[in-house]
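Labels run A, B, C and D following the written order; every chain starts at residue 1.
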Amino acid sequence: MSTETQAVEAEVKEREPLFSKKNRKLISNPLDADNPITVQVLGVCSALAVTVKLIPTLYMCISVLFVLICSNVAISLLRNVIPGRIRIIVQLLVVASLVAVVDQVLQAYAYDVSKQLSVFVGLIITNCIIMGRLEAFALANKPGPAFLDGLGNGLGYAVILIPVAFFRELFGSGSLFGFNIFGENYPGNGVMMSPVGACIVLGLLIWFQRSRNGYTEEA
Amino acid sequence: MSKLNKNSSGYIFGFALLVILVCGVLLSVVSGALAEKQYEERELERKKFILKAALGDEIAAVEKTEIAVMYEQRVKESVVNSKGETVDGIAANAVKLKNEYKKLEKNGSVKAGQSINLPVYMVMNADGSEVEYYVVPTYGFGLWDNIWGYVALQKDLNTINGVVLDHKGETPGLGARITEEKVQNRYRSGKTIFEGDKLVSVTMKKGEGNDYSSDPHAVDGMSGATLTADGVNAMMSSYMNLYLSFINAKKS
Amino acid sequence: MSKVIKIKKGKDISLVGAAAKNTAPKTLSSSFAIKPTDFKNLVPKMVVKAGEEVKAGDVLFQDKANPAVKFTSPVSGEVAEVVRGERRAIQEVRILADSEIKYKSFSAPSTMTAESIKEILLESGLWAYVVQRPFGTIADPSATPKAIHVSCFDSAPLGVDYNHSLSGDADAFAKGLEALNSLTAGEVHVNVNAKSDNAAMFAQAKGVQVNSFSGSHPAGLVGVQIHHVDPINKGDVVWTLSPQHVVFIGRLLSTGTLDLTQKVAIAGSDVKTPQYVETIVGVNVEAITNENVSNNNARYISGNVLTGSNIGSTGYLGFFDHLVSIIPEGDEYEFMGWLFPSYPRPTISNSLPISKFLKKNFVANTNPHGEERAFVMTGEYEKVLPMDVMPVQLLKSILAQDLEAMENLGIYEVIEEDLALCEFVCTSKIEVQQILSGGLDLMAEEG
Amino acid sequence: MKFLRNTLDKIKPNFEKGGKLHFLHSTFDAIETFMFVPNHTTKRGAHIRDGIDLKRTMFTVVIALVPALLFGMWNVGELHYAAQNIDSTLIQNLLYGAMKVVPIIAVSYLTGLGIEFAFCQVNGHPVNEGFLVSGMLIPLIVPADIPLWMVIVATAFAVIIGKEVFGGTGMNILNPALTARVFLYIAYPVEMAGDIWVSGIKEGIVDASSGATYLGDLGVGKVVNVDVYNAFMGFMPGSIGETSTLMCLIGAVILIASGIGSWRIMLATVIGALGMGLILNAVGGNPYYDLPAYQHLIIGGFAFGAVFMATDPVSAAHTQRGKWIYGILIGVLTVLIRVFNPAYPEGIMFAILFMNVMAPLVDNYVVKANIKRRLNRVKA
């Protein structure tokens, strides 16, 4: 998975209002034109693994959002004191600690969901979106924009995962949020239940998005 | 204040140490604060499984908070070994089934020189005067990975009252269906594990949609998941054999 | 004679109307034309204007890129018209012939050195007959080829029999070969058909290497022969000529005049009496096919039915061609024709058993018998291309404009005619020669 | 015929550019060219062309499928009645089979062609003939009792995801019919696996035990005595068209004789399976290892897959040498999957799809070898 390093945003000027036009873009861009999953193709592994049902997907999205925002802000705060030579390790340490916290919390307060998510919560550590944002953005920006960037990318992740989970749960299990939609006799669909289905739904979403945005592959 | 040299080894070490310290403290605090709650959750699931195996649908209506209370009131725990002798000094919930399972041979008998701890949960009747169900945990291997479950026997120690099954990695839509109520309920129609004095266990058959109401040792299978069903059958039969001494002792 | 090289792949397409081995007396048309479009990538620069008088051998136009390469008039007469097409590109230079041809005289060199031969060939315009591989363009006079190949049999459908058409030109042929020998450091290869009784002029040609080939079409294609005798690698240059054109060179050297008289086969199912006609390069086909065609809706092809060009009933014979194929147009609907063919047609597919096994000679028309589709079938091209070249992969690399792949896959070894049979057999009706032509152009430009 | 031509000519302007039905031009075009070979003539290049076209090629494959289809229909009826101990005549069997199979074929063609036409319409492409074959293959590789809506879903999936997203016939990586089959297998395992191979089990008319297949039994470690004659003739449960090795052989003869199916692939697949089977025989151990190698060729869908699926020219290897490698690996993988993967008793489906994906790689190496030969020539 490539950690496509985006052009590092220039350091935000002093006293810029938090919701300036530029900052608003930090949120809106990752939702569509620069979506971490469908455009940058990062974090796909978890997108395939956890989207069988909507509820675990929601928990996963919130977890990623939380880790992303917190680590972005933390690294942004530390950006001037982190020695360059160990910055990746420090980032990893911060992310890993946050993920461990999330995992512990889920085990304590959402035991069923944490059972379903199993290792994939732990694997948030290796989610390229997070490390990518830390490297590309948080290290060079103030905490405010870093917070927004984390929020934007976390939402960008969610905005793809939730529809994927929606279709997979609907067609795979015939239910939504665990409520039966198609009735007892719906036979389910094994393709949608397996990661293959996620891959196909994700592919179709990318197809849809690209044809709408007029994206063309660079030569 | 003179600027620190960020590339000096001392600074790097110091910084790393500091970060590790902060993260370590954070983690231990969180883990400490949540440990009890997590334990409760795990216990709750175990208790729920045990009660569900015994009481079935009754339990579905019980609030999550009530489960622990109900368990406290109605369940008595003990641990036995494969000879049916009671093992003292270990609590039933401290027995790690996965580890105990490793003490078994392929054919389900206990490895030479090993002693296996087998928890037994006795679910009492509503007024607590006598044992109504015996719930025993089982552990085995399905098609891809481990499977486990609880089997509730009625007080005759022959009739199965219900089962709860769970798995780690069976095929979704096929073997994974053992967690479905619909499949588990197939064990709730008075199946018996003994034929006279002989232990025969209960077998999930190949194929689906057949009527086995006349056969007390067979339940309808899961189409396309014969191998997971075979795993369930093997697990069932081997653990019933392990508990055989206990059952015989209780019966007599 | 060296051993016979067997060409195992390929397919002879037998069509009705092969030219009988007799020659109609010389018919002189009043109109002749030299067509710059017969040469690949040629940008002509006119030397004469309409209305000027020329002798046979006088320069009509030059190659703009290489003015030493000249194109001369085959007959004497008046330059009647310079026909231009799109963007004023010159299509034809027409000459109204005198009834008696006046020849410009050339002084034949006393010794045959590469320099002197090149000079006289360039002056007389015969140089344009020397084709260079790779790319199939007019040879670069400054180059020295590693070999020169002359294919002395035509295996294409309705192909010319050089044993007949060149009978009587043995001396000129020998002389021509002698001249070619001086042009190359390597061998001059004369490639003959092992299966037929070759005239002594081919089979016992002196001072050259005679290779004999057996097998179906495209065994007679010089590209296939080169591939089996001494394949072209990157950087190699090989020249090829038709035996007819070797004869022209021989005549020029012995007489000092440009005598482009040749026997042209008039063949095809729409010809009443298929036979040879004695005429001159660039003749108007109307004159040589007059009264001899039985169908109003026929296609007139200068060259053979696989690689020739559609010239219409009033066009001019192509510069390199000594065959006019006349076959019916196929512009008719055929009810369920793909399932129940209403008439037999040539095919390599056994899925048309009647056509394949019960019929020997076919009346083929120009209907493609299906529409163009994406590549689906595989292994077809390989059946008819007797070279260690992967045709489909080569075509795909051309479509992808991948120069390196094109080179690696052997684009230097082939020109359009080599893959013509692939185009014929293609189930998906893909225009193979057109694609290859694009690839060759691209390669010539970039490489 | 004349009348038909005139009618077509009369309504044709409506579908041409500017006509009010232009949006249906691909559909009209497909129908017109089906009825009449068009009056086009060659424009460039070779003036005459081979008499064969893609329609005829595809139709020949359909013809080759007819024996398997007819036998399949008969077999559906025969098994159905035999399982109930009813003596039935040839006609009864065929009738019952037709009742089950014809709707599947109709649904498969309607769905597939409908989608294909729609895509061609939108993209402005001519309709390709590829689905003529896929539409016939899909019904032959499903159980007779399959619900029709599943056929629709699977066909739609195969045509859209398996073919159109790659750019249509000629561009697809996977064999569309097998894509449909594997979709069904994974999406609806309950309906597509286990003992469902005799028509009538689902309604409870027929006892489930009669629907056991050799592969199914072998997969769970049973010792199986394959009745070689019945297995070869096809008198056993299975997908509609796949059971009879004999009918597949007849199809193979048609395909090879007409030059449309690659004999290289068929032969290579058989060699691969036999070779792997013999190796396993030599190792021995359980009933599946010990199954005589040749019996792998006649049980399950091996013959059908090797003859009709592996040879799909688009998704197979394209180079001549590549076809050998491709075929042999299919054979080897089929046996390996059958023997070593208990969850998926039928190996050939996965083996072919896997090799479909690998075929470009195989070709790549063959092409590289060709390039190397050319480069070595310079050195020599």
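To be clear about the criterion, a contact is a pair of C-beta atoms (placed from the backbone, for glycine too) under 8 Å apart; a residue touches a chain by one contact, two chains touch by 3 or more.
In this text the structure is predicted, and so the values were computed from the model without any measurement.
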Quiz item: So which chains count as neighbours of both subunit A and subunit B?
Solution: D
Practice problem: Please indicate the chain closest to the centre of the assembly, with centres calculated from CA atoms only. | Solution: D
Quiz item: Most C-beta contact pairs, which chains?
Solution: C-D
Quiz item: From the centre of subunit C, which chain's CA centre is farthest?
Solution: B
Exercise. Between subunit C and subunit D, tell me the centre distance in angstrom, where each centre is the average of that chain's C-alpha atoms.
Key: 45
Quiz item: CA centre of subunit B versus CA centre of subunit C: separation in Å?
Solution: 85
Quiz item: Using CA atom averages as chain centres, what separation in Å is found between subunit A and subunit C?
Solution: 65
Quiz item: Could you say which residues in subunit C touch two or more other chains, in rising order?
Solution: none
Quiz item: Using the touch rule from the top of the page, what residues of subunit B touch 2 or more other chains?
Solution: 173-174
Self-check item: Shared-contact residues (touching 2 or more other chains) in subunit D
Solution: 189-191
Self-check item: Pairs of chains found to touch, sorted by chain label
Solution: A-B, A-D, B-D, C-D
Quiz item: What does subunit A use to touch subunit B in their complex?
Solution: 52, 81-86, 89-90, 93-94, 96-97, 100-101, 104-105, 107-109, 111, 188, 190, 193-194
Quiz item: Within the complex, which stretch of subunit D touches subunit A?
Solution: 157, 161, 165, 183, 186-191
Quiz item: Within the complex, which stretch of subunit D touches subunit C?
Solution: 1, 4-5, 33-42, 44-57, 59-60, 126, 128-130, 168-171, 257-260, 262, 313-314, 316, 318-320, 323, 363, 367, 370-371, 373-375, 377-378
Practice problem: Going by the contact rule at the top, pick out the subunit C residues touching subunit D in the complex. | Solution: 13, 15, 157, 231, 233-234, 299, 301, 305-308, 310, 325, 327, 329-339, 341, 345-352, 355, 364-379, 382, 388-390, 392-393, 408-410, 416, 420, 423-429, 431-434
Self-check item: Of all residues in subunit B, those that touch subunit A in their complex
Solution: 6-7, 11-12, 15-16, 19-20, 23, 26-27, 30-31, 34, 37-38, 41-42, 44-45, 172-174
